[in-house]
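Shared between the two complexes below is subunit A, which has subunit B as its partner in the first and subunit C in the second.
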Partner chain A sequence: MNSAAVVVLGQGVFTVLGTLAAFLPPNRRAMAAGLATGLLGATGFATGIVAFTRPTTMEVGSGLAQVSIRLDPLGGIFLLIIGLLALAASCYAVGYVSGPSASRTSWIALTLFIASMQLVAMAGSVAVFVVGWESMAVTSLLLVWTEHQHSRAVRSAGLWYAAMSQLGFLLILGMFALLVSTGGQSQFLNMHSAVSTGSPLLRSGVFLLALAGFGMKAGLVPVHVWLPRAHPEAPSHVSALMSGAMVSLGIYGLIRIVIEVLGRGPIWWGLLLLAFGGVSALYGILQAVVATDLKRLLAYSTTENMGLATVAIGAALLFIAAGRPIPAGVAIAAALLLVVNHAFFKGLLFLAAGAVLKATGLRDLDRLGGLVSRMPTTARLFAVGALAAAALPPANGFVSEWLLLQSLVQGERGSSTVTALALPIAVAVVALTAGLAVATFVKAFGIGFLARPRSEAADLAVESPMAMRFGMGLLALIVVILGLFPTVVLHRIALATTIPGARPITATWARIQLAGGASLAPPMLVALTVAFGALMAGYVRWHGRPRRTGALTWGNGGVRLSSRMEYTATSFAEPLQRVFDNILRPEQDVSVTPVAESRYLVERVGYEQRVDDVVETRFYQPLLAMGAAWGEWGRRLAPGSVHRYVGYVFGALLIAFAVISL
Partner chain B sequence: MSNQFVQALNLAAGLILLTAVLTLWIRRVSTLVRLIALQGVALAVLVGTVAWHGHDQQLGLLAFGILALKAFVLPYLLRRVSTQPGEAETDPLVNVPASLLAAAALAAISYAVTRPLVALVPSAQVRATPVGLTIALIGLFVLLTRRRAVSQVIGFILIDNGIAVVAFLTTSGVPLVVELGSALDVLLAILVLQILTNRIQAVFGDTDLDGLRELRD
Partner chain C sequence: MTVFGVVTALLQVVLVAAVGPILVGVLRQLRARVEGRVGAGILQPWRDLIKLLRREPISAAGTSWVLILAPVVLMGTSLAVAVLVPYVSTRSATANSSDLFAVVALLLVGTVVLTLAGLDTGTAFGGMGASREITIAALVEPAVLLAVFALSLPAGSTNLAVIVARRVSDQAQLASPVSLLVVVALTIVTLAEAGRLPVDNPATHLELTMIHEAMVLEYSGRDLALVEWASSIRLVILLGLTANLFLPWGVATQAGALALLVGVVAFLAKLLLFGAVLGIGEVFIAKFRLFRVPELLAGAVVLGFLAVMAAFFLVQGSG
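Coming up: the complex of A and B.
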């Protein structure tokens, strides 16, 4: 028995064990089930390693029941992501779960969710992929619905998610149907050559369906609306897995089908991907910068990151269409590195947000604050994640954004007019996004963790249990390692960018060298950053801090500053919101209550602001209202009269007869 | 092909058709039940004739089963329901002359629809299949236009009889298992409907289906 079979079998065994462990009595369930799911993640990680060292395909059974497993570097990267995230989230979950999220159903769904994500990344044929994909959607839906008894928001989020994921599934099913009927080949391994002779119309149909279906899973605008609903309402370890791993599988699907299977296509494919990616990135980060719900903010930032990855894939398609494999390879490597980095820092951020939620019961940034002294470990770990999300060194986000910009800038040389126009715009979008991301995460950390607590719940917060801190710490460690030595994973990513004739990236442990000439030495960069920081600290030390005086600033009446006078998340984002007013269209409501005696004296001023998702209010709600009206009209067909119903049958029968006999 | 066989077959088929049409005319429930019993006998005769002609012992056995079920058991169950007061069909949604005209139209449709089928094997047996289809359609028509729960049951039995006639005439008998299964189905459905009728009667004092509009959604 070879190593591949051993690890795959191990995954199966731990899936079964995880399911069985959920049946233990509640006091031992979390520990046992958490251990099993953690080990499931670890074996999945091992499978990912095997996928690099010894790519294999395995087939069990025959005919329709044939299970075809394929371990290759591209799937391997996602196996690594899923494995590590599952491991960290399982540790975290042991300390985190309570109530419905500690139930038997919830643990079983979690186990199956992890296993089906792994199955998608290992799928060798269409059938296995589709089964894994659907089981992933169903189990994650169960997990989103965990708290359905407690709030209406959960139920509505679940419905949105269910509807959109099933719609996406249908699109993907249609895409595969077209693909297989074009090439007559249902194994991914041989599909590329099988469909390369297909008619351009069919290939474009496959492309569009793949973009729509996988885009829905990746949360691209305008099909992102499930994401800012489902992610906040799911238990936090599930949000971490969904946002880190499941959403990334949308990008996996895009790369697998569009780059690997379809490959070279007309130029508008790449432009379309660039457009969708750019819009998603900008819209996502704009919504994130004004969001006040911490988990909603993180969810919108997921849309942003997936948008950036899509921009990279679009650029790669443009380069492939122009017959330039080297920049294409760099672009795909950028996409993959973005996804890898995003998975870990977003997982970390969601876990930390969950720790805050568990300690305070709050997700609203306007009511948090002061947590850095109350939950020091969680605050520091969140800071690491926020650094990464803002793409600053020493965390990992920086390298991937650098690579993305490099691929876009490099590719411009010697390309066609359209490409030469599109790429600079993409660069501008990426740059703007990066800037807004900094503002977003300064807000998330600054408002959420620093200053004084803005509510009693935040004041009374206590540090999370050991298991949760361990789970978060694991991810933070990965984030820092990937920031210092991104070459650890770039080696593998270079293997996964399967574009013939290209070796775009050479990476040693300390230096990344692109084929175009640009290079980066992350450890050096980090050393410089640290040295600069130390210099600044030394300077401040040397010259001494300015003398403190005891007077109160603006404390005219001698009143101490209260937490009500602090910046809030809303006020912090206000300038940006003003700039992007046309896109965000916030709804503001100011109500002034005068004193009874005189209307010139104001007793109270109420200010309320809501930023709704414009896509949702302008696009989905009219659509849903139309559907509801149609349904209302349809109800008139069913007035409750039995005779009317029999009449329908009778009429249908007679019409059928008439059709036959004519 | 013996002449007697054709005559017996046509007689039985005609009797079945006649009883079906008469159910549209007659309002007294006790007479309706008698008609259904008579139709059951005619159906058994039809099956028996086919069995005798084809020397099929299994089918002959089945004819006796059909006789027992459709001529005795079902009418007995129906009679138990109909002894309750207020069961006579008061005013159907479509009046009697119009119903009879509709039956004629349905028969015409059945003949038109089954023409390709008859053209396939123009034997005496297959020639009679439009009768089965007509009865099934009349059964649906009864369901559609009659208000009382008992009338609904009768319409249901007519549909089943019609299907049975078509099945026996075109295939000389479906496999025994299938026939037994469908017969049991009908029996169970009748039992359920009987209980349901009693319940409706007990709760509302009436079994007019048009009064049951609230049971939707």
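Coming up: the complex of A and C.
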């Protein structure tokens, strides 16, 4: 038996064990089931390694029941992500779960959720992919619904998620139907050559359906609306897995189908992806920068990151269409690196947000604060994640952003005029997105964790248990390692970029070198900064007098400042909200109550502001209202009168006869 | 890694760190003279720094490690950039790491830690300064990166050493439309990033208008010294970068003591020239309203975009 079969079997065994462990009594359940899901993640990670060292395909059974498993570098990358995230999230869950999230159903759903994500990344044929994809959607829906008894928001989030993921599934089924009927081939391995002779119209149809279906999973605008609802309401370890791993599988699907199976296409494919990606990135981060709900903010930032990955895929398609393998290779590597890095830092951030939620019961940044002294470890780990999400060195987000920008900049030379126009716009969008991401995560960390607590709940917060800190710490470690030594994963990514005849990236442990001439040495940048910082700190500390602490803050010579005078998340983002007023369309309401004696004296001023998702309020709600009105109208067809029904039957028969006689 | 490279790198750091406060002194002195005052002399910022460096820092109650760490990180990133950017020579030991995107990211790290420190104080001033600073930093980003893009096209690389060396050797580029557009865009960026008029007024302490000063209001003693010093270094970094791109003459592209000496003198002369223009210009303009600043930055983005297109057609035309 070879190593591939061993690890895949191992995954199967731990899936079964995880399911069985959920039946243990509650006091032992979390430990046992957490151990099983953790090991499921670890074996999945091992499978990912095997996928690189020894790519294989395995087939069991025949006909429709044939299970085809394919381990290749592209799937391997996603197996690595899912594995490590599952491991970290399982450790965390042992300390985190309580109430409904510790139930038997919830643990079984979690185990199956992880297993089905792994199945998607290992699928060798359409049938296996579709089964994995759908069970991933169903199990994650169960997990989103975990706390349905406690709040209405959970129920509505679940409904949105259910409707949109099933719609996406239909689109993907349609896409596969078209793909298989074009090429007559249901194995991914041979699909590329089978469909390369298909008619351009059919290929474009496949492309559009893939974009819509996978875009829905990746949370691209305008089909992102489920994401900012479902992620905040799910238990946090599930949010981490959904946002880090499941959403990434949308990008996996896009790369698998559009780049690997379809390959070279007309130029508008690339431009369309650039447009969707750019809009998603910008819209996502704009919503994130004004969001005050911490987990909602993170969810919108997921849309942003997936948008950036889509921009990279779009650029890759443009370069492939122009027959330029080197920039195309850099662009695909950028897309994959973006997804890998995003998975770990976003997983970390969601876990940390969950720790805050558990300790304070709050997700509202306007009521948080002061956690840096009350939950020191969580605060530091969140800071690492925030640094990565803001794409700043030394965290990993910076490297992927750099690679994305390099792929866009390098592609400019020698491109056609349309591409040459599109690329600088893409760079400007990516740059603005990066700038706003910095503002977003300064807000998330600065308002959420620093200064003084803005509510009693935040004041009384205590540090999370060991298991949770361990799960977060593991992800933080990965984030820093990938930021300093991105080569660890870039070697694997280079294997997965399937453009033949190009070696766009060469990397040593200390430096990434692109074929176009650019290079980046993250350890060097960090070493310089740390060296100079340490020199300065050491010098001034040695020469100066010791620090005095505990002084009063400057209160304009008078009052002691209270936490009500602090800046809040809303006020922090106000300038940006005002700048992007036209896109965000915030609703503000000021109510002034005068005192009873004189209307010139104000007793209290109320200020209310909400920023709704414009896509939701302006597009989906009218659509839903129209559907509801249509349904209302349709009800008049069935008033309960038997005569009317007999009339319908008669009419239907008449039409049927008329059709037959034609 | 040659001896020359290491010497150059160290020389650059020392030079930039030493010149920073002097440049601020020059700007203030110029302003004073134009306004008809005597002024405190160009060495006054250094005297202030030396005094502040000896004083104990005071941390307010309720603040955390962020407040203490921020000045050190700010200083660290500023000096790291001072090493990376080719000011006196393109052959320093770190030249192959001077990627412009990395330089921009390092500067941004400095901005971010300072805004976090502003939030950490928990005062309305700190939050206000942080909020405004980050707004401007976010909106500056597209203009910076488009300028980088335009500069990288003719040189075929985003590495600053390569770009500057290329501009030294091929001086026809300097008068091209790309160059002019980029320099205007970069100047706007410099004003915004370094907190100069018309974006921020470094001399104000009025809550309605201040940005940078509001953020660092709680700093004292050696912490304040580091923040002020780093700010002046950042001004040199940005101004020196714009100067070197616009007037690359004198930057040493060969190893040798004489070339290095010429590089240092040329760098100081360019800095003085650009500083003088900035200092005198500032006397005659007023600060913009905060919400007019985005319009200025949007203008810089448009210029950057035009520069990229111009560079694209020029490169396409020549090759």
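By our rule, the second predicted complex is superposed on the first by the 613 of 662 C-alpha atoms of A that agree within 3 Å, B and C clash if a C-alpha of one lies under 4 Å from a C-alpha of the other, contacts with A are read in each partner's own complex, and residues count from 1 in each chain.
The definition used in the following text is that a residue touches a chain if its C-beta (ideal position, glycine included) is under 8 Å from a C-beta of that chain, and two chains touch if they have at least 3 such contacts.
Everything quoted here is computed from the prediction, not taken from an experiment.
For subunit A, the partner that touches more of its residues is C, with subunit B and subunit C as the two candidates.
Contacts of A:26 after superposition: neither subunit B nor subunit C is touched.
In the superposition on chain A, contact is made by A:579 with subunit C only, not with subunit B.
By the touch criterion stated above, A:650 is placed in contact with subunit B alone, subunit C being left untouched.
Residue contacts after overlaying the shared chain place A:200 against neither subunit B nor subunit C. In the superposition on chain A, A:634 makes contact with neither subunit B nor subunit C.
Judged by the touch definition given at the top, the superposed model places A:323 against neither subunit B nor subunit C.
Contact with neither subunit B nor subunit C is seen for A:606 once the two complexes are overlaid on the shared chain. In the superposition on chain A, A:642 makes contact with subunit B only, not with subunit C. The contact sets of subunit A with subunit B and with subunit C never meet. Listed in rising order, the residues of subunit A touching subunit C in the complex are 369-370, 372-373, 390-393, 398, 402, 405-406, 409, 412-414, 420-421, 424-425, 427-432, 434-436, 438-439, 442-443, 445-447, 450-452, 516-521, 524-525, 528-534, 536-537, 540, 543-555, 561, 563, 565-567, 571-576, 578-579. Against subunit B, in their complex, subunit A makes its touches with residues 635, 638-643, 646-647, 649-650, 653-654, 657, 660-661. On subunit C, the positions that touch subunit A within their shared complex are 13, 53-62, 64-66, 68, 72-73, 75-77, 79-80, 83-84, 94, 96-97, 99, 101-102, 105-106, 108-109, 112, 115-116, 119-128, 130-132, 134-135, 137-142, 144-146, 148-149, 152-153, 156-159, 162, 217-218, 221-222, 225-226, 290-291, 294, 301, 304-305, 308-309, 312, 315-316.
If you check the complex, the residues on subunit B that touch subunit A are 93, 109, 112-113, 115-116, 137, 140-141, 143-145, 209-210, 212-217.
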